[in-house]
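As written, the chains take the letters A, B and C, and residue 1 is the first residue of each chain.
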Amino acid sequence: MVWTLDEIAAQIDGKVYGDGSHQIEKIATLKKAEKSDISFLASSKYKKFLENSRAGAVLVDLDSASLVSTNAIVVDDPHVAYAKVATLLYPNEKAVSGVHPTAWISPDSHCHNTASIGAHVFIDAGVEIAENVEIGPGCVIQQGVTIASGTRLTANITLCKQVSIGKNVLIHPGVVIGSDGFGLANDKGKWIKVPQLGSVEIADDVEIGTNTTIDRGALDDTIVATGVKLDNQIHIAHNVTIGEHTVIAGCVGIAGSTSIGKHCAIGGGVCISGHLTITDGVQITGMSMVTKSIKESGSYSSGIPVESTQQWHKNVVRYRTMNKLVDRVKQLETLTK
Amino acid sequence: MVWTLDEIAAQIDGKVYGDGSHQIEKIATLKKAEKSDISFLASSKYKKFLENSRAGAVLVDLDSASLVSTNAIVVDDPHVAYAKVATLLYPNEKAVSGVHPTAWISPDSHCHNTASIGAHVFIDAGVEIAENVEIGPGCVIQQGVTIASGTRLTANITLCKQVSIGKNVLIHPGVVIGSDGFGLANDKGKWIKVPQLGSVEIADDVEIGTNTTIDRGALDDTIVATGVKLDNQIHIAHNVTIGEHTVIAGCVGIAGSTSIGKHCAIGGGVCISGHLTITDGVQITGMSMVTKSIKESGSYSSGIPVESTQQWHKNVVRYRTMNKLVDRVKQLETLTK
Amino acid sequence: MVWTLDEIAAQIDGKVYGDGSHQIEKIATLKKAEKSDISFLASSKYKKFLENSRAGAVLVDLDSASLVSTNAIVVDDPHVAYAKVATLLYPNEKAVSGVHPTAWISPDSHCHNTASIGAHVFIDAGVEIAENVEIGPGCVIQQGVTIASGTRLTANITLCKQVSIGKNVLIHPGVVIGSDGFGLANDKGKWIKVPQLGSVEIADDVEIGTNTTIDRGALDDTIVATGVKLDNQIHIAHNVTIGEHTVIAGCVGIAGSTSIGKHCAIGGGVCISGHLTITDGVQITGMSMVTKSIKESGSYSSGIPVESTQQWHKNVVRYRTMNKLVDRVKQLETLTK
């Protein structure tokens, strides 16, 4: 697929500086781009590569336009423009409609005839699959699941019974949605299971990263709202709710019944305790420990970054004996009174 | 399925206050319950919902019984009672016995005729599957695995060779049991594999959460004792042993050869180093870092919870420069002598 | 399979002390070994078991050779020798060549006739599988993947399109390689997807632990170099590179575009931020937080280990109020001037 700069600019609300008829085939970094490639300047630290880049065109903002020696498309946000141009140049291949001969579909389910059902897929009774849904190889879709139009399950995904998935959701391999929450009651020293009777609702335009797990609710549902983007290996416990357009990086754990607001950004490896409320517009930096509700938007952090192991040992000891230092200061204060 | 309050009370050792013939169909929270629902008061913070609840009955302890304006069943522990009543009202549907036409079972294995073997399951030679076992779709059961009666594997689970699973175990999707432990020896700069020759023993009444992994032992076995409950995405390394009735929350990592006692409770995101011994009755709060053995029961913690990112930066600097503060105090002590 | 001590010694560059014709069948710990077993002394803390061990022979270094009352094989590094002897005594069973009747292989792919393709495997168009490759049950191999000779995929593994796997790689169940990286651009409050156009290259002799995930690059590739050993549940984001013979323990998360050197050792639960460079020969202890590049080899650490929950509460308060302590010291300094 070949696009001219004029055609690209029209799609992304950009303005061409230079030869609008120049033809673009691929996207590449400033360092690697060739004449038929378009590149982009999304961060000022890459400005140094502009001068020697052989790119056929560069996506830039107005401030940096004068630095481009080749063709440019000036846009408000080069990173957003890059995402859109990459989507133009590399559209998703639409999977072929139909059912793979090795798939097994319950006669009591309903798959739209535009859907694509891959190899070794299992679809149980009561499942509803809408138009243009793609179910990749090895997926297990249990009883009563509904999947709205345009949603893609890549491979080896498990959707447990009754789970509801919105439109244009993208789910990566190894994801499990709707497994039992961790509900237990202690009956004289033994733990007995609290049946998990709720379900999971995934709204439209959600993306769910590889091996992420989202548990079903205990009585009410676990909810992931529109436009939420989840990275890999995230653990979302029962009855969590995640607000619209929140992004969560890899390896985050969110304990039961916690509610996370809209437009939040949660860094990798963060753990959030149960029964908390995180308000809208909160950023939490990587590896932070959240044990209380956060009521004001803004940026929050915890954790102490690495130092040499030798220095670390000393600092841990000082931390552990801070009470003695406090006592010494108290003593000095008495003496100098 | 409909139960009268008298029938329910008989099952859970409770005492009915009010109309014992009142009929119950479902369970619901105090806020959402209707006339045919039973609800429960498991925490005093929900007392405020008692007054306006439309529940047909409420499970309460004796102290709160007088606050219930509708029917009540008085029990010792309303949370335990709720778990039991939910199990009565929503029993597990027993899977249909038999083998799905897409499953593949080695002729050199043995599956009891009451077992249920799902779609696209693979069962290798030497496997023994007892009565009423359920193997959900997509599971892979490798050579020589034994699974005792009443155990359920939901979907897409892998049991590696020789692993032994007890009775009434519940294993959630994506779990892998008996994969090689991380055993390596450094041979002049290159890492060579130490063959992992042990296995894994899972005792009775264990529950294993989604995408949790339990590695086989190096020489001896990795052991998970009776009644242990594991949440999602837990990593249990080779030769770990976990004592009876211990619960472990999501995202915990336990390094090799560590032994955890009975009746412990380990919070989410905790990491425990290898070759340690944690005694019985230890609680470890979420995200703690355990690098030494714990010899006395009790509650243990580490980690500093979030603060504003601005404040965090300042505190990290103060932490890192505590040695200077100590020096200043020393200097003052000299001056005031 | 039976080996004499002379035969074993010849394979591992060792020297027999005692009866070189003694026959060995198995390997076992000093405590459990019997006459037909060989054991090893890999750490001085097990010396106490030497005296009463019934092992037929012990692998030891020269310094400890005199402590062995039975036969010994003296080697430079008993741990390495143990790994090699275990591999001799318990060789991998070579999987039977051929295609399982339930596997589905695209006619537009190419599998070498010595390869073993397991049950319910799906192999898409354009895939190239070399000699002696083993693809275990339930694996999904997407379009254009190449797998070099001698590589083993155990079970339920997903390789996404175009991924390239080297020779003699061992991949454990639940691993996903080549799924989309977490690339997003914020378009006026909504997150839009940045297509992930790179791939993943896994070099020779790599081992990848259970449920570990390695994302494809955004434009360039994610790279795992020769001899890297990865434990379970590791998250490797897009465009990470990991240098030769580096080992990474379980539950580590590495954010996008970070580059890790050769011969590093990263402990369990470590999180590493994006866009960093970790030089060669770096050790990072478990649960550390790495937010800056590391330019010198050596050992690095962070994190404060557990104490009693009561003590922890006090220390967190002291940490949080260190500024007050600093102010008090300042005040004292003024007074004593």
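Basically, a contact is a pair of C-beta atoms (placed from the backbone, for glycine too) under 8 Å apart; a residue touches a chain by one contact, two chains touch by 3 or more.
From a predicted model like this one, the values you see are computed outputs, not experimental measurements.
Taken over every residue number at the interface, the positions common to subunit B and subunit C amount to under half, indicating a different-residue contact.
For the two copies, subunit A and subunit C, the CA superposition rotation is 120 degrees, given to the nearest 5. Averaging Cα coordinates per chain places subunit B and subunit C 26 Å apart. Residue positions 102, 120, 138, 156, 174, 211, 233, 251, 303-305, 307, 319, 322, 325, 329, 332, 336 of subunit C are each in touch with at least two other chains. Within the complex formed with subunit B, the subunit C residues making contact are 27-29, 32, 77, 79-80, 82-84, 86-87, 90, 100-102, 118-120, 136-138, 154-156, 170, 172-174, 205, 207, 209-211, 227, 229, 231-233, 245, 247, 249-251, 263, 268-269, 286-287, 303-310, 312-313, 316, 319-320, 322-323, 325-326, 329, 332-333, 336. Note for the complex: subunit A touches subunit B at residues 102, 104, 120, 122, 138, 140, 142, 156, 158, 160, 174, 176, 179-180, 182-187, 189-195, 197, 211, 213, 215, 219-220, 233, 235, 237, 251, 253, 255, 271, 273, 283-285, 288-292, 294, 298-305, 307, 314-315, 318-319, 322, 325, 328-329, 332, 335-336.
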